[in-house]
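Notes to accompany the following structure.
All chains are identified by letter, namely A, B, C, D and E, in their written order; residue positions are counted from 1 within each chain.
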């Protein structure tokens, strides 16, 4: 399913900063999970209310708050009130039609981007908006759905010696981005396969279905580009940022994510070029087939039309037609038929139609 | 209706700064409405003359002057005289062929852009030019027509606790822009639907009407891009501006409008890509149909042409044609007819034409 | 007529700065007109020789020298000598293949651009090169032909209260540019009409003539873009210029010309996009027509081919053909003819060919 | 074979900096070769373990360590530990899907790019990732396969008077890049030949095979551009670098490599333009052929259809058909046949179909 | 002949700076001509050896050394040794596949670009690489062939009063560039004519030959762009240069060359746009022709097919066919034939096929 754009105007006319969830409604209750850790301790809990978060806000630990589901607007509102988040940021978290961006505020950073998942076996891409709020010791993550995309990070946090346990919230933010963007490579692999399949079909036996498949891939690529290409600009902004919330050492890691993003974007560009060439091949293939059909028709018609004419001539009922009286007239005519056919067949062979 | 360009040259040869309304003439009298407000008071009045405005110009309140209709040139002239507005700005307000732009003057800012409305059910876009003059305590809004596009703002002003009541003129300017640009998302939704409809039609049963619809959408997109894409540059200019008329806190709100604009522009780009792919599909679809027609013709012709020839042969009147005398000649011929047909049908089946 | 490029190489091999008129030769004698004015006085004279100009060069008045026709090279040479103009500038004035540009010298500015006129009723554009030399109190204007393109300015100068009378030479230069570039809007209007006409023709009854018209418009657009798009860069250069010859207040007027130029350039871009879509429609339209032709052929052939075969069968002269002896054989055959036809017509109707 | 992209996602979900070889697995054991040289001495050895490298790290000599094969992850890990290389760099060395880039660290520089080889006789390109680590006196080169691409450099090092012997590690790095990029010109030559062959085939006798060849070249060009075009940016980054590891005199040599890269990139652009034109020629060529087929069919059909009709008329069995009784009826009919044919042949000749 | 790229890889694997002539081999001996001049004296001699040059190197005169032919590598080597030229520059002089560039060294400037000549009457372009070394009092010019492209400059030098005699080496360098680039306008003229010819052919009677001509022009344009477009960047670099070897007054002359280059480049862009439109016209023209062919076939077939069927019916041999016995049966049938034909002709006329 392509990203539903049909609700883009949902909020038109509302006061800016008014909190309404704009996007597809998923049937899940919003849940809040908190993971509090440092090099030596790790605590994971599911919270009942936002009010339980502030006690975790200590300089000794990094606190990661995961909010699954955006239906429960009051949760986001409470977080905004507790941690003094700008109304427009809260609005952006709730509106899942954001393009990836990075915004810097005095006491926190806001990062929003898309997680991408492919349906099995076809080119349908599913998008999920991930919002990050990076405060001094707390990282908030807002997700649309309770899926398992962040589970590898939680598993890694469980290992006390893992690098992530010894780092701050900015490194956690990096790990989240890296994990989500690494999934894009899976997408790339699927597209590689899809395009190869379509290309094979195209060169061997193209049908209208092939054309439809090409158009479908093209369509998905257009929407993917819209979700992925702003990442380049966003990661460059993170790189330029001089916010004290971003450790200089972590910046190098973000550069790595930037490199991955460029690779994905360039792959998407390649796909577009490949796809555009395919349309031409398809058209030329149809033309080729039509030409083949035409040749069959022409060979058959051209072969029999003169013969039928001659047969017609000797089917005429004129009183005086000397040939009809000849004893060898009929066999002679067969000879003529064969000579004419042979001559025409040679002509077609010269034209390489046979 | 596309933006009427036919009057672009109307003013050619006139002295620069000469005030003439250039654009479509709408049949309304120009009206002046003033809304004077601050956190505690709100007054809304319709004025008879421009001379009534200056008393409102006090630092305690924000005064919003809405001029509906540009036919009454003397109104704009009087405002220009009273508030010391540059002749070229007045000229731009009256000429509704402006591209969106932002101009900075010492004591006021000039912003011009387009409000967009869609006719019901088809791709016809209607444009209305909105000009803003942002002075210290006064915001002038010039509109072509007395429509209800700004009504949501007036409603919000009626609520004493609304954020807007506690802010200055620059925030009002932001709210106007935001309201107008939010309408673009409705446009986006309509285009989404239109394009989806056309695409479905294209893949199932494309006709010349589909082609015309595609061309119409393409045409509207071209003109839309011309009205919308300069917004990006204009909002970047507002962002760079260091005018004391723009409060630093309001700048963040303009960034939000900028984000929305980028989203719209990117959506328009996507539509263009989608549309361009459709033309190719249409062409290939016609070619496909032609090929089908050709196959029917070829199968029929090729099947009967040799049979008709043979029938013609035995319709000849030669005195000496032994086959004609055979008792089983005629039934035998039917066997031959059937064998030849069967052979040809196998040939077509092998070619996948049947 | 498109801009004649055939003489582009005329000067190849000559010494740089050697003064030869390169361009189309017009059959007019070069004439020199001088208009000397300030707020209170206005004098207009036709001069016999360049030597009469220097006396006008006083700080009290603005002197506008209009040279119509470039055939008389000695005039340009004399002006160069009198006012110390660089040899390459003189060369550029005489060579009418310049692209619009702005050059800054210590004691004068050089501006060159194209005036554009449309032949009545078709897309043929005529170009005239206008060169401006802006000295301290003198403005030189060099035109290829003695047409009336600058007459509106002269008329305005006749009015003592007009703004232009109170301003300096830089404002005059602005007014000249503005007047010439306003003519571009007339061009835009003509193209709007032309394109609309062609588009209508295309959607109703496209012929090879339509195709030729499209190509002609495309061709003119290509050459127009070459003449107009450098204006953007040139006006930006004027804007950046810190020459004391350009009053700061006049700069704002040049910004207005810049805006107009951008509008024209964007309109040209739109035309290009519209035109490119038209070629596709034309192609699809031809394909559609071909398909219609094919269907007529196929329906007719397919309907009669089997019937003709059957008629052929019963025209055979076999001695033993029982059907021929049946009393109702012939009427029965007509029933068969009608049944087969009906069946085929249903088949075509199902395929939506009828 | 195009660059295998199918493993791009192999590492998804792993901890950043975790060392796993990502890429095609080649069946070779990793080998470490060290070449230690200065103006007077040269020593070349194959090492058993990374631990043998540090003793070579003296300011008197340049040490070049070549690691062939990336399967043995522990070798790269050991080098990272010994020379304090960032985990992400080690990860990049092992992941052979990198785009060319240059990264600057305090005590070393990291350069990664692709060596390119062409299979004999067709457009299949093979890629090998080359990573360079430039430390103060040591240059590490990591290659995927033990091929002979760097042999010319080793041969040159054997000559005591060669320029390279008197220079530092940065010059060695330059020589490696220069050697690899010079191979691109061989690629360019092969493409020149391939495109020329295809173009000749296209203009004389295009077939579906030609189309497939064009698409194959296009595909390879898309992937080549992805591997080569980032070199421009990378060499510009080297040029801007102020690292003390890059001698100012060596910078000029890198500029030379930059020039070569631009030439290759521009050649690739030219190929793309040439290829895109070819698809149009192919389509027009098929259309031409189809038209020829159509003409043959039309000439034959149109010539015989009226004649056959006339023969059919005189084959009718009406009792009263006076022509049938005429003595010269039959010869007269032949005259009519010939006249009609002649007339039609003239008609076709006028249309230039014969 | 297009620029031979087949030797691009000739030097692969050689030591950088090794001097080998890479390019087409011309059958001429390298010759060295020296022209020594200032305002009062002029000496022109052909030298036998490079050793004769240094005595000319005096501040009183400008010395212009022209080396015709690059086969004699030792000449270039000797010049490099005498005047301390960087090995890579010498290499670039000898390798005639350079793209135009400008390089600044402490005591000299290196400029390389292409002279272009057109074969008579077709679009084949010939390239010659011109290298300039601008030292303090000496200008070296290296040419591939002993042609007469620089003769106009020598002629001008012969005139004692010519501007060039009073200027330094930088002005000479400018004059050489100007002379070579002025030749490009001749090229432009030829292309103008070629394109006009092709376009006329295209609109009146396009054949496969037209298509081939279009492709040839397209091909040449691709290679021309590669040789010419880097000039823009190179002349901008000269403009930015602050080398004491370039007199400030000469800089203005280089700006003039820059303007010419932009004009050429824009002309090439226009040609590209014109050419791309032509391919579409060609395709639509073929389609049109095919449609005409189809109509002829359809009109003929459709007209006679029903008539032939009817004739077939009355050629049947049923015993009981009452119509055959009617006295007016046969004439009546002719009436039916004519009515059917008339009806069909009207149908075709309504469809505008006749």
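The working rule: a contact is a pair of C-beta atoms (placed from the backbone, for glycine too) under 8 Å apart; a residue touches a chain by one contact, two chains touch by 3 or more.
Note that this is a predicted model, so its numbers are computed, not measured.
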| item | value |
| --- | --- |
| Chain A and chain E, separation of their C-alpha mean positions in angstrom | 42 |
| Chain C-chain E separation of Cα centroids, rounded to whole Å | 26 |
| Contacts with 2+ other chains: residues of chain D | 283, 287, 290, 294, 297, 301, 305, 308, 312, 315-317, 321 |
| Category of the chain touch graph - line, ring, star, complete, other | ring |
| Order in which chains appear around the ring, chain B first, chain C after it | B, C, E, D, A |
| Residues of chain D that touch chain A when the two form their complex | 5-13, 15-17, 86, 88, 97-99, 101, 103, 208, 211-212, 215, 218-219, 222-223, 226, 279, 282-283, 286-287, 289-290, 293-294, 296-297, 300-301, 304-305, 307-308, 311-312, 314-317, 321, 323-327, 329-330, 333 |
| Chain A partner contacts - residues on chain B that touch it in the complex | 152, 156, 162-164, 174-175, 178-179, 182-183, 185-189, 192-193, 203, 252-253, 255-256, 259, 262-263, 266-267, 270, 273-274, 277, 280-281, 283-285, 287-288, 290-291, 294-295, 297-298, 301-302, 305-306, 308-309, 312-313, 315-321, 353 |
